[in-house]
């Protein structure tokens, strides 16, 4: 970090409804993170939203009186050029694609979820080539910048970047910070008095240690069968005997693996009732943009906090601050394994605690790997590796192997049939599978 | 091997219908494996069968004119004392227990199989303590003997012995030798002109290379969707696209994982038709013992070869010969991992090619690990490790974790309910789970 | 750390001349490290010094007005009982033994040094059994205490404790903090604005990165052939071409390996001139104790800072504070390797940067292992492992192997002759080698 | 191996005095290794010798009546084109360069030896670029051929090829086969009844197990302080106490490390007496070529067996036979580590027992790593890696680091001075260090 006169930040997918939170973060922490230029980039079809959210951003900055320039653009390369940080928050295929990711698997009796299982794989196939395209730009125009990736499936996207580009990249999820906040609220202490050890992959972690003011609270937390949770995954109680013998708090995403039958039943029920999470989110978004359009609004509206992605922007600003200042504090990030989990490949992305130095994050050794979790971590990582390579090469055989080896898919036959339907449905976004050079948004 | 005047061999479960094949092997290979004493041991309830098969063994030896003494006994310690090789082939709970292993999981919509899934776990819980008890005797009475273990689940039993005893032990399965024979028949060459590389666990391996007379035949074999097979697993065709992109021949046991839905359907159908494989085997066995009882029979009857366990005894005699003579030939065995598959623990049992030195088998480096297989291998190994420890400790929490993490079990709730029923049904053979010191048959 | 009403600290070798510095640290940092009881322990022959330094400690505490009780005792068990921290600073055989460690090797044309080479090995043979004896007491009387070990050779002692006891132990050296201080002085910045990455073993490390206020200064520092240094190792310039191609700052102890011929020549010269570092230190110590005896002295005298062991106590107090508060800051410590340097055994002690959590230090991944250093690190570690086992078992064969494989020893013959003389000279302190159960001071 | 009508073999350095032994091997084993074309290649200055030895080879073949064509050429590419096996036996700079390798280090008080220490490094710097040049030809003209490398330092050359080319290569040394022969003579058994386990690097191995007819003879062999030996390294007795506690037979090359002082003294004495091993070898060679010139000689002369390189050709023919037939027998070879010695890099060359399959050698797991040896192995490997990279890049800094870190070099200053003299003396053969593109013979 040598930008002495202030930082340039490019936000790809800047028209997102989350952007005001990010802007608020830049304003609040301007002293430690002196942003000079903030570039909000989006694609042509997102121009309306970019303008709404961009105007709000400008009003927020103006009110703050800080010397931050806000730029709105559809020229990604211009935004990236010379940036210190690039962050990405995008949805290739938008909410319609998400709807398909969630519904097609259900027809085959398989969990339909945005980031987990077949739905997550389709998202990866659509998203990874776009992210790598951004990396090509960064290698050329901002070779020393950090790419902070929020785009899901964040673990797979991060691993793809580690393997197929030279960009320095870190994957971020709001779940770890969510657990810290939830625990700090429960015990009425400041978040920095809670220390939790995370072990696993993105959306597939186990928490093996929770200290509150230096005292081990794992046993207490294991006694609470509600577990830790978030609004975007249905709440279901954990079996107490299971939780006790597991000796770790499972991520709420693990419900798709540990309660597959019940979660599937619930999804099918919603599906038959015509409930579609993607549609719900669409409506919430529309309401937010209506709010944002109010020319008198000059701050982040409260309603934003109720969305699933809470704390995303807080996590992002925290990370930028630590990288910029070399604070050597501990954050939970998606980074290259490099021996931290010795059973996984060196270049696998994992989600663990890291010390954030000004030379990048260093993963801390995990003090205990929950032995029960090893098989599932490896099984999902195998799927992830195959899916990443399928996304990059467009190799149908790899895609079959990825899906057939996913723990939630019951057989090779189902994998192949489901894949055929999903590829067809996503044809527009998967040029690599249809004999074309990828054309990105 | 210092037994200069001939070897002492103890066969635990000597009343098995397979014994005549083993005796035939000892007779045919007496020059390279000079057996002097053959002790057939069985438990009290097996005495009738022991006497029938033992008398046949004596008639076979007599006909051969070789100086082999055949001893029949229920005194296991006497048989083990000073032995050079101990082999085990047993079924704790006998065929009735197998029947339950195969049927109870079906009630929960889960594969019911003798060695794979919940059925295999129950077999492990019943069998491991008995095997460790034999090891205690060996440590005391025959500390330099080799234990050749055929008792299923052979991989788990071998790993339990590696971890919980000082006995030198090797696990054996007939599947690898079966592939060699099948390929040698297909190409009309001698078996020793076929070289196949096996990677994985017992009943969970992939064949990544098949050379016939030095020529790579993998592609040809991958084109055959019947795959390699055996009479004890239902025949089903592999999907050709899947097989091609897998780049390895899957063990026929892998059908339970790759074709779970179809295999389950077939099992349920059989079950509802009242077909019970354990009962079928029982009848076959009765017929064999009737044959064996004929005082004029002085050789292994042809009918024996039609049973599922073909080549078991051939594998055993081969292994004893190589250990005794230090032939340094290559056999596929279940041994401690020690870094061969770097993602698995050092002390995990694996099924791979080994050079058999007179100091024991040394696993060969695998030239290619099929990346698709890594996740499934780890997932099953995680289950195996938990189940082994559950078998040794009688810890219900470990048993829950083992079952809940088995890839064929759909949820924690199903795992716990199924476990409850299976523990109850096996109560007689699971003292470690019911507050008693294990009392072994 | 659950001692809510204040901490109990036991200092073994409390009569050391360094103790006032430690006491000063406890006084200055009492708010973050609320010491309630400070036990200074020493052996009978050290009673006079213990009383002198203990009285000074009491005067210092009294002046501070803090509620710290200072206890002086020769009853080690009483001091250890219920302690939160135990620190050790001792010299088995006192300065006379050091004199022999430094002079005997010279007769054989080998470097004579207190912690490096044959001298260091003799120190280890004398010291390790005593430390393990202290650990036995701790296991019984203070099982949750941390043992902070300053006793040289600190790396080997720490490894012996890791391997042969259950005590939680950390080894400490003043060299790393010395580099930080030296760099902070050079660049006129606060020490916490200097970040250096250390890789290697105790007294055998390389510094691969030095950031000053976030800027990489390695190149600048490599241009300075004086290197980083300390008063207890003779100053010699590094060859500039060597330093440039090494790409790391070598510890000043590495001069014994990289400049063996010149360092040896210098030692021989001093030896023939009758200069004896041990005698020099003796005199310095006597002067210090004279100062300490002054009943009007109520603070640490300035003269103490001129001794070689500068910053030792600062390092100790820093570490206790971080462990007690779980500050998660980074310190350079001697801890178990656990994969950090993948070429070394898991249980080897290494000297690297660690995050100090309230559950103990976690070693940070090293961002670059200087490839030139790998062989020397391994060679010295091999010697260390053999010497540790020799110290514990009294096995002469292991002692021969240790010395014969030390990089500074020219041949097996020299190793054996030198060992014979050194064992004889240290007979009194090496009961394990002379057929007696160790009797400790 | 698909050459159905017979094999083509190219011998680079075919004018060597060893060639008749190789030709004898091809004749004796023609049934299992059907050589059709034997190409002896040499450089222009070696043409006289090539013609002499080539004519003898032709007479030997003629006498055998076998259908082997012998070709003599200086056109290396023609010889390599379509070859099945390429073997190399060469001496870049010839015996004069060897004389310098052996004498220059002595001036600095350092061991002067052909393959060990500074002399070995100079040989590596001269030889590696030439071998890589041969590899370039093979990649183009014989991509499936095996390169059997006898050229010293064989371990380093093999590692250079592994790292910097795609050629399938194996390094060979006669020391392991020498131990087998020596032991088989001692115990009067056939060589194939001796099994020895080798651990280490080329010219730096330890023998950890010797079985004769299945019986462990290590203890007996350790009692013999003469050790195992060869004519090219001076005989010196091992210290019996050292040998006992080492628990392994050290290679005779290890005398340069374990008896450095005495070996150096002996070398200096010979040097001052004007004895020059290179000159001795020159004379022996001249005598051999005189013998070879005799048109009546039609077989390998007995005198050849007295040279140091005994069994080289036997080792070569054995290896070709096993590769060609896929015999799966065990040979001691220099191959890529791939985890066999876990403390060394994956791509380091090591000398261990391998199973020779028709797909290449697979290193066997070592059953015991002598812990004493680990440091020295790593130290020499560090030097080797640096020297290899210096040879390829011509980077003087790397050469300094390599030499300064060699265990036989006493200091950085000596390393740099000695390097300067040696580079200058080898200028003609080291274009990479003198600003020129390498021009190879």
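Letters are used for the chains, namely A, B, C and D, taken in the order the chains are written, and counting of residues starts over at 1 for each.
Here is the rule we go by: a contact is a pair of C-beta atoms (placed from the backbone, for glycine too) under 8 Å apart; a residue touches a chain by one contact, two chains touch by 3 or more.
Chain-to-protein mapping (UniProt): A, B, C, D = 6-phospho-beta-glucosidase.
Everything numeric in this text was worked out from a predicted model, so none of it was measured.
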Third chains touching both chain D and chain B: none
Least step count from chain A to chain D, where 1 means the two chains touch: 2
C-alpha-based rotation, chain C on chain D, 0 to 180 degrees, nearest 5: 180
Greatest separation from chain A - chain, by CA centre: D
Inter-centroid spacing, chain C versus chain A (mean Cα positions, whole Å): 46
Separation of chain B from chain C, taking each centre as the mean of its C-alpha atoms, in whole Å: 55
Chain A, residues touching no fewer than two other chains: none
Touch-based graph of the chains, sorted into line, ring, star, complete or other: ring
Pairs of chains, among all present, that meet the touch criterion: A-B, A-C, B-D, C-D
Contacting residues of chain C [partner chain A, same complex]: 1-2, 195, 209, 211, 214, 325-326, 328-330, 338-340, 342, 355, 357-359, 362-365, 367
Touching residues on chain B, where the partner in the complex is chain A: 238-239, 241-242, 244-246, 258-262, 343-344, 371-383, 385-386, 396-398, 400-401, 404-405, 407, 410-414, 416
